[in-house]
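The next part holds the structures, each set out as structure tokens.
Shared between the two complexes below is subunit A, which has subunit B as its partner in the first and subunit C in the second.
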Partner chain A sequence: MKKILLILLLILCTGCYDYNELNEIAIISGVGIDKLNNEYVVTYEVINTEASKESSNDIKKYNVKGNGGSLSEAFNNVNETLAKKAYFEQIKVMVITKNVNILDISDYLFRNEKINTNFYLVLCNDIDEIFDFTSVNEPNNSIAIYNLLKQNDYANITNLFDLKINTLIEGYDISLPLITLDNELSLKTIGIYNNNKFIRYLNDNEYRIYKYLSNKKDILINSNDNSIKIYNSKLNYNLENNSITLKYEAKAEINSLNISYDLRDINSYNELSNEFTTVTENEITNFIKQLQIDNSDILNILNKYKLKYPDSSITFKDLTINYDINVKVDKAGTAFKEVK
Partner chain B sequence: MLLVDKIKETFNNSSDLIIKQSNNIYIVYLESLCSQDKINEYILKVLTIKNSKKLQDNNAAPNIKTVKNYEETINYILNGFTIIIDKEVYAVETKGDLIRGIESPSTEPDLTGPKDSFNESIQTNLGLIKRRIKSPCLVNKDFEVGKYTKTKASILYINNIAKEETVKYIEEKISKINIDGITDASNLKQLIIDNPKTLFPTAILTERPDKVSQDLLDGKIVILVDSSPFAIIVPAFFADFVNPSVDSYKKFININFIKLIRFICLICTLFLPAFYVALISYNQASIPLNLLINFAIQRQSVPFPSYIEAIFILIICAILRESDIRFPTNYGSSISIVGALVMGDAAVSAGIVSPIMIIVIAITYITSMVFTDIELIYSFRYIRFGSIILVSILGLYGLYITIFLFLIHICNLTSANIPYTFPLAPFDKPYFNKVIFNINKKEDKLRTSALTNKNFHKQGEIK
Partner chain C sequence: MTSSRVQSILAFTLSRCLYFGLGISFIINKGKNLSILACLIGFIIGYFILRYITNKDFKSFSNSLLGKIIIVFLCIYITNYTLIAFTILASNYYLTNTPTYFIAIPLFIVILYGVKCGFPTITRLSELLIIISVFIFIIISISIFVNIRIDNYLPMILKIDINFIECIISTIVYSITPNILLLYIVKDYNKNAILKGYIFGSLSIFLTIIGIIGVLGSNLASIYRYPEYKLLQQINILNFLEKQETFFALIWFIDLLITSLISQYIISTIFKNKYNTIALIIVIISLIFFINNYQNALFIYNNTNYILLIPLIIFLFIKSKKTKSL
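== the complex of A and B ==
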């Protein structure tokens, strides 16, 4: 009898602490954080569960906004305007502006046990513009942004908020995707950081180079009206004699050829390979040099160097990087022999 | 006092007790148990033959015995014999056919395999088994259970396969029974099982003679009870209830997939409602967002917490199931229609339950129909309700507690002194391959050592 009583007491006194009935919670799919005039502005994108699934006229989501001197004050203010209990476990993305100090928000979010930090952090220029937009395809913008990231291969585990913050805490630099509104939500470039400080957005060309250095496929490289498409690539670092060598090997297929090459001749491929190796080497060298000027190590080169030489006090800016670039064009791809 | 008068007195002048006299020979029988034709054929015709030396010699009855004492006389009368009182007392078997014919199994149907099933006559049932196992090694020992019912029970085993300890253990259990009466094998089952307080069945009740024969060949012990169309098989393990023996009639590759499905069904029928309640009311983070939105939209109009909703429909389902079993089959369809209407459309449109909950409970009930043992299904019901109650307080953690309690409980059970979780814990390859994961019939050569200690090979030459 005592045993049963003890078990009952244990269960009844410890139970129900995180009980939330599904219709009593406001499911938040995305959070926006902006900092204006030393005040935090927090926006929630809340899913409207009262909407009928069939009716397309029903509003599928609504935004709630609040501000405060500190982040917790701003969050509390928004929570008060909600009719239901705010539920943060399903946040897909957090949208911030470049004014926001990422470590500040992480401090608040990690200490709050009710906020799940497995979401993606993205940049935008105007949070209201992003959240007020309603797409025809996906009424929920957070899900739309998540899908966009997924399609651009950005929604992988290394880009989760937790891991980004970890990178920052360890003293390394991060990059965040920039979401812009161009009729539809789109991802055009990324913003680079020097540790916690926003530096700038990459231009289109830099973003393209960044993409192929991140081992993404189907990236085009142009030279003299010829263009190739990378279908397989590998980025390695060789660490010897206190120096680091960036080794980039790529296999590519021809995308378009304007100068007449005989694709039956193996030498044509060699010529093309040499040409594109030079072009790629220039591109990569210039890109990394620019990153060194910006002092933003988004490719984690210094990290790799310090793994081998942990006592070195060298900074990314002063690091001498050697390049070993090899692009091999070995498939005809969409280019065919000219019809005479 | 004449024997006839004594019998009359013993039976309190019962109206079906017939006493006839001819040439100073009395015949006594119970009209309700005997066949009039047999009495005419075997007794009355013989009595008319004069100068018969000995009644026993001229009688064509297949079963005629000399009675030694008064108790035996009464016993024979009660068993459908006719007593002939001359200078000696004889008992002639004139039992009437109070049984139905051999029909196809109604509770354990299967597409392939034999289509005969036991009926209420222990002799017929014994015959059905002996037809399959034509060996003098198949031993049957008779017992009488019940002070008033005097029900005949028969223990069957193959004496050079079954373990003697197990046979003795069962015999001891039966001989210790001191009860007014049993009316069915399930009564006896409850009296001989190891853990009477457990939810789970620890002895199999079957109506399939082929299943009984298979289990006898494995070294199990079978108990037949007169006037019951079910045989008791001991020992029985949890895996036996999940996987029926008819699996052995099918190709092993195909049946293994079904066994996997059955395992999924087992998990679903036990824990699906609790898992759903845990996700909906505690661990919403585990549901993909798009699905969660659907759930939230559908649950919007439901005023009750999800665990109340689940318990409510589970109770309605339990009532429906019970009424379906109790109600005559002719009216059965109307019950199903009312049930479907109440459960489905009306409850959802009235906003009492959400459509997702209906789907969850429907899956729970459909998956439970994979299992045929009614006691097993009843025991699942407890786990289902128990897990929902724990989950309503502790969320997914409550579900894990239920799973562990369930595992601890079944690990604690035994059937005829063998662990109930056999052949998984302790692991036993031959029985595992027989019940849980079938192997090619050609390679299935060994018998489990848990059930036999003398004859391990069931196929091929002993090396």
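== the complex of A and C ==
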């Protein structure tokens, strides 16, 4: 009798209050947050669980929108518009505009037990444009953005929302990828911040430099119509005598040649390595100088410096950075001479 | 007679039990990056304290009135803590709409059932559950340690202040005091087995703190109510197995379950026929005055280190005095 009572109690007393049928919940795959005229505008991208997989005519997702003076008010207003119970566990991305102060929205997102903060924060210029778009490849835009992030080596633990906020809390600068609509959703650059304040978007060339400094692979460097592709790179910082030296070492493969080189000769590789080392050094120096003008330390250079010299009051703008760049071209591809 | 293996398992569990929802959060909040060093010092000092305690014979003291009062107090306190830790986590993350009564009572029924089955059943259960616990711990360690960022440990400038000292004391108390229950329940305890369990238990907590600070950073970890649970949320095995924190949290629930089973079993041996009434009073007090009262729950969170330091000191003091008189 006791055992039966025990089993009954265990079955009856746990979980029933929080029980939800799958078709009674609105699975949110992405959230958009904008701030317009001192009001938060929140958009949910909701997966349509009623849609059948076979039928291409069925709407696979729909958007719900609401606004409010505070973020929690805006979220509440959207939840009220939903006919189902909002389910935030499957959020892949959160799309914000540059008007949104990231730390202002963090407290609500951290505190709300229903929101799983394991998502990626991305920037866009117009949330409606992004969420209203329907791609042929992937009907759900949040998943399409997530796939883009994966494709660009961005979807890793260090870029999760929690850890981005941690960087901000510790007083450092962050960067966020910009999602644009160019026939398809695309990721072409990043937005840089000075702590919590949006500064600007990087141009194409700066974004390319940023990518190879972030140890991304297959990044092109061009010089005199020759181009190489970095396949392995390492960025280190040497700290000695109150100065910081940025040490960048890369190994590259020739991508295309427009000048006569005999790649059977080892000297050709040395010449190319010297040429591209000079080009890369100029690119990196100019890029970091521009970042110093913008006062946006997205490479965490000051952080490294302060870890060694915590009492120093120097700012990123005033930091003197030395460079030690070495690009080694050591792969010729499948041709020994230029094809002309 | 309890085997050495079982004693090691129980010592392992008891050394870890006060860290979930309390110890880790408290220590990281106080010590920030230095909590790693504070924990290491605390565990080493704790080892020598436990070695000293386990050299003594507690049989006569356990039968004295003072000994029984201390043991009963410890058991009630630890049971109360396990109920709070379990219920608050469940109501925050899993069963957000379920009244806390419906979370705590079924757990307590399981504890009562375990107590009725007797100590051999509890030890058999712990032998089985420890396998799951170790298996989960290995998976967590492998998947978390690849995501550690060395920068999160820096700067680690040694600054011996009140917070650092408090971290060391708390580590000692959280890991040693629950082991007193083991010394009470196992009369013919094996010193080496208990120390072995303590070393592995402390090591697992030490690695957990290293993992939390390495992945989340001390600032972010101190924001969270359950940093150890947030760490589990970051687990992503081979890019396809993610959001498994509910399963991985079993490692903590196992500790809480075994600890509360031991505490309640000890109370049942002391109160014998009156145990059912006592158990009912404990669960009612816990529910009304702690689980559903945030001020008292916070009191437990902030003061457990000092409250449990008192029985530890008494145990050390009484025993020393008795040894001298002998």
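Definition applied: the second predicted complex is superposed on the first by the 315 of 340 C-alpha atoms of A that agree within 3 Å, B and C clash if a C-alpha of one lies under 4 Å from a C-alpha of the other, contacts with A are read in each partner's own complex, and residues count from 1 in each chain.
Please note the rule applied: a residue touches a chain if its C-beta (ideal position, glycine included) is under 8 Å from a C-beta of that chain, and two chains touch if they have at least 3 such contacts.
Note that the coordinates shown come from a computational prediction; the quantities given were computed from them, not determined experimentally.
Of the two partner chains, subunit C is the only one touched by A:P310; subunit B is not.
In the superposition on chain A, contact of A:N116 is made with both subunit B and subunit C. In the superposition on chain A, A:L163 contacts subunit C only, with no contact to subunit B.
When the two complexes are overlaid on their common chain A, residue A:S29 makes contact with subunit B while staying clear of subunit C. When the two structures are aligned on the shared chain, A:E89 is found in touch with subunit B and with subunit C.
With both structures placed on the common chain, the touch criterion links A:T49 to subunit B but leaves subunit C unconnected. Within the superposed three-chain model, A:D18 lies in touch with subunit B and with subunit C [touch as defined at top]. Residues 14-16, 18, 89, 116 of subunit A are contacted both by subunit B in one complex and by subunit C in the other.
The touching residues of subunit A, when paired with subunit B in their complex, are 11-12, 14-16, 18-23, 25, 27, 29, 47, 49-53, 87, 89-90, 92, 116, 143. Residues 6, 9-10, 13-18, 89, 110, 113-114, 116-118, 157-158, 160, 162-163, 165-166, 169-170, 300, 303-304, 306-307, 310 of subunit A are the ones that touch subunit C when the two sit in their complex. Residues 92-99, 102-103, 105-106, 109-110, 113, 147, 149, 151, 154-155, 157, 215-217, 219-220, 223-224, 230, 233-234, 236, 242-243 of subunit C are the ones that touch subunit A when the two sit in their complex. Those residues of subunit B lying in contact with subunit A across their complex are 280-282, 284-285, 289-290, 292-297, 299-300, 302, 305-306, 390, 393-395, 398.
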